[in-house]
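Labels run A, B and C following the written order; every chain starts at residue 1.
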Amino acid sequence: MSDITTPQTADAAAASTTPVLTVDGLTIGIGSRKNVKSIVKGISLALTPGRIQGLAGESGSGKTVTSLAMLGLLPSNAVVGGSIRLGDTELVGMTHRQLNEIRGRRIAMIFQDPSSSLHPQLTVGTQLTDHVKRHMKMSSKQARAHAIELLDRVRVPNPAEALARYPHQFSGGQRQRIAIAIALACDPIVLLADEPTTALDVTVQAGILHLLRDLADERQLAVLLVTHDLGVMSAIADDIAVMRHGEIVESNVRSEIFVNPQHAYTRELLASLPGAAGFEEASE
Amino acid sequence: MSELLEVSDLVIEYHGATVVRAVDHVSLTIAPGEVLALVGESGCGKSSLARAVVGMEKPRAGAVTYRGSEVPLLGVRRRRAQFTSIQMVFQDPNSSLNPRIRVGQQISEGIRAAVERGDEGSQPEEWLERVGLPIEMVARYAHELSGGQRQRVAIARALAARPDLLVADEPISALDASSQASVADMMRKLALDAGAGLLFISHDLAIVRLIADRTVVMYRGKIVESGVSDLIWNDPVHPYTRALISAIPEPDGKGNLPAAPAADAPEEWRMTLPEALDRA
Amino acid sequence: MRKRRLKIPAAWITPLGVIGAVIAIAWVGIAFTARLWVPFDPLSQDLPRLQAPGIDTLMGTDALGRDIFSRLMTGASVTIPLALMLVLMSLVVGTLIGAIAGYFGKWVDELLMRLTDLVMAFPTVILAMVVAAALGPSLFNAVIAAFVVSWPQYARMTRSIVLGLRTQNYVMAGRLMGFSPFKTLRVDIAPNVVGPILVLASLDVGTAILLLSGLSFLGLGAQPPTAEWGSMISAAIQNFDSWWIGLFPGLAILTVVMAFNFVGDSLRDIFDPTSQVSRAGARS
């Protein structure tokens, strides 16, 4: 916690808009009353419209738990402290009903495991259109057209035909793309993308990264991009926070993180990149 | 033949509203102690091929033979001990762990399979250590783990069964770069030491190049390029392989987005180049 | 190793669930002990006839001079244990059949499901009446009749769950390790079926009580002079002016059925992932 570097003022000024989602001193513990395991230890983040905030870090460092907290989707034995504000609304301590209004509609999430956001017994079409019909008050026909367009944008082959299929009839990467389409269906203002491209090959990944960048640029979507892939990070994140053991050890604009990493762990991360010396050693 | 696994002319189709040919006349072999990587576009049929290798998918045509005998379909009957030495790490780490059984016990099931085959026993804790997880995790349930931890438990369980052929479908996709390196490396070492074969499926050419002896590149159900990993990485011949390598984002912090290929892929990616196959 | 302790997360405790559980437990307690403490012999006819509720006869007496309070309490020990037994029987048989059908599939499934369809095609009460009438009126036959109509719903539900689970990767992983079919059912499938089946069973206790009392009311179940709620109500019809004869058994049925339904509903909230705060919540 001691050596958090603050974002460079030059770049912060460029993004003049105020944050839509602010996380302040967030702490998360999970466990029974007497035995609470501290998982996130006081982190702060701000998501700004039109910017992509990257969140990198070790496996098990608390990235997913942090993003689940923003949606109020932690297990019932979780204890959340600190504050998460959407605009002026405090999300910590909200009832499930209030959160339901916000979830999916204003804040959408692409889950790390795409299967958990897809219902196995409903067709992809139903899942995409139900969502849209309910939240955006579209007719069935409009919703269908909207769904096809979304699937096309995330590069699912034969979108019209895909609507009639069930999730298990797609490949892992196709399911991930469908989950992205569902997350984007209702034009959210904040998108939490937890490892959105892990199951994708690099050519499809490039397409998705372009899509996210475009949404941020054109629709002023605020994106939290959780990924362990520093290549992806380098390609589209504007700001990057590096997490370890439930704390943000370094947070800065992209170029600074890559060119001038301050924290030892960030340097270690960069060194372990494929192609970097550290990686070759480990695999000898 | 001394091959451990031989896939010959395999065809896999899904018959629904339309017929999807996921794997289209694919042949490949794996020798004991060899690591073969399978890379390719998302949806090109890698998982379908993997499932057919372990007997979860019925080939439309062609055959999968393991040590000279055909791999039986994984029906409701108990699998013969001879074939429990084929193990698989599934692509989706989430659904590959039983939600109601503790991690330690699930790994023990793998150990039991090894013991029943006459291999030596082991402790779940050993395997957790090997995949870089703290041993206290034996008492956890799957939903109490992070994505990467789940994936490593699935690997631990498969390895605990001491497979002679391990089919690993994107086994390390959810891990951070340093864990990827160490887990991939550990899998390779185990395969080599035990004389096992490893079919390593990934979309990440950078990792594949480091752990696989040979690489097979698939595109739309067909093999477009295959051969020694280094050759493919350093000097790709097929246009699709080239695209695959050039779309890897460079982690330089400059914010360069690799060009996304047009939605309808170039026709040339589909062509077969004889010189791209079996490169040595 | 961790100590195993029964702990009930706070989120599970709903007011209705608690009320339901208390009432249900009270009734079950009454059912098993009533004979020990009721003030009068439920069968003896030596009290004044058609006496209104008062101090010594709390709920009055019926046309034959029997104490209604004593009959009501001992009636619990007829209906409730039988209902529980009925549910247990249907649960065991139905679940087993459903699991076999779902897991083995093909012709086994076809055969078993045709059988359940056949049963389910009839209206429950009518079919139970037909069976009870065919076997001859007695409480035991009423249970058999109720059993015939109530197992198929367990079979249906189990089958659909098992069908969904059968292709789960972890089930496959077990098969690859050489699990026998029985072990797969026990280790990988059964634990995931228990929750929903328990919910169904607790909701079904109410239905079973209604069905058994209904059959007795129609004269197809308990025979006079047995103290049974359904037949007590049916006796009340002949003495319409004496409201207490029918009211108290009616209230008894109402409270038991409601109590078990409340318990079932709150169990459903616990086990059903979609009504809980889960990741799936993000879909809505």
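By definition in this document, a residue touches a chain if its C-beta (ideal position, glycine included) is under 8 Å from a C-beta of that chain, and two chains touch if they have at least 3 such contacts.
Since this is a predicted model, take the numbers as computed values, not measurements.
Novice: Contact counts by the stated rule: is the higher one at A-C or B-C?
Specialist: Per the contact counts, B-C leads.
Novice: Report the chain whose CA-based centre is farthest from the CA-based centre of chain B.
Specialist: C
Novice: In whole angstrom, how far does the Cα centroid of chain A sit from the Cα centroid of chain B?
Specialist: 27
Novice: Indicate the whole-number Å distance between the mean C-alpha point of chain B and the mean C-alpha point of chain C.
Specialist: A distance of 49 Å separates the two centres.
Novice: Can you list the residues of chain B that touch 2 or more other chains?
Specialist: 92, 95, in rising order.
Novice: Residues touching two or more other chains, restricted to chain A: which are they?
Specialist: 116, in rising order.
Novice: Could you list which residues of chain C touch at least two other chains?
Specialist: Residues: none.
Novice: Which of the residues in chain A come into contact with chain B in the complex?
Specialist: Within the complex, chain A touches chain B at residues 30, 56-60, 63-65, 75, 112-116, 152, 155, 157, 161, 164-165, 169-174, 177, 195, 198-207, 209-210, 213, 228-236, 254-255, 257-259, 268-270, 272-275, 278-280, 282-283.
Novice: Where on chain C is chain B touching in the complex?
Specialist: 1-2, 103-105, 168-170, 172-181, 187-188, 191-192
Novice: Would you tell me which residues of chain B are touching chain C in their complex?
Specialist: These residues of chain B touch chain C: 54, 56, 74, 76-81, 84, 86-88, 90, 92, 95-101, 106, 109-110, 112-113, 116, 139, 154, 157-158, 161.
Novice: Taking the complex as given, what residues does chain B use to touch chain A?
Specialist: 14, 16-18, 39-43, 45-48, 91-95, 143-149, 152, 169-170, 173-179, 181-182, 184-185, 188, 203-207, 210-211, 243-244, 247-261, 263
Novice: Quick check: in the complex, which residue numbers of chain C touch chain A?
Specialist: On the chain C side, the touching residues are 7, 9-11, 164, 167, 276-284.
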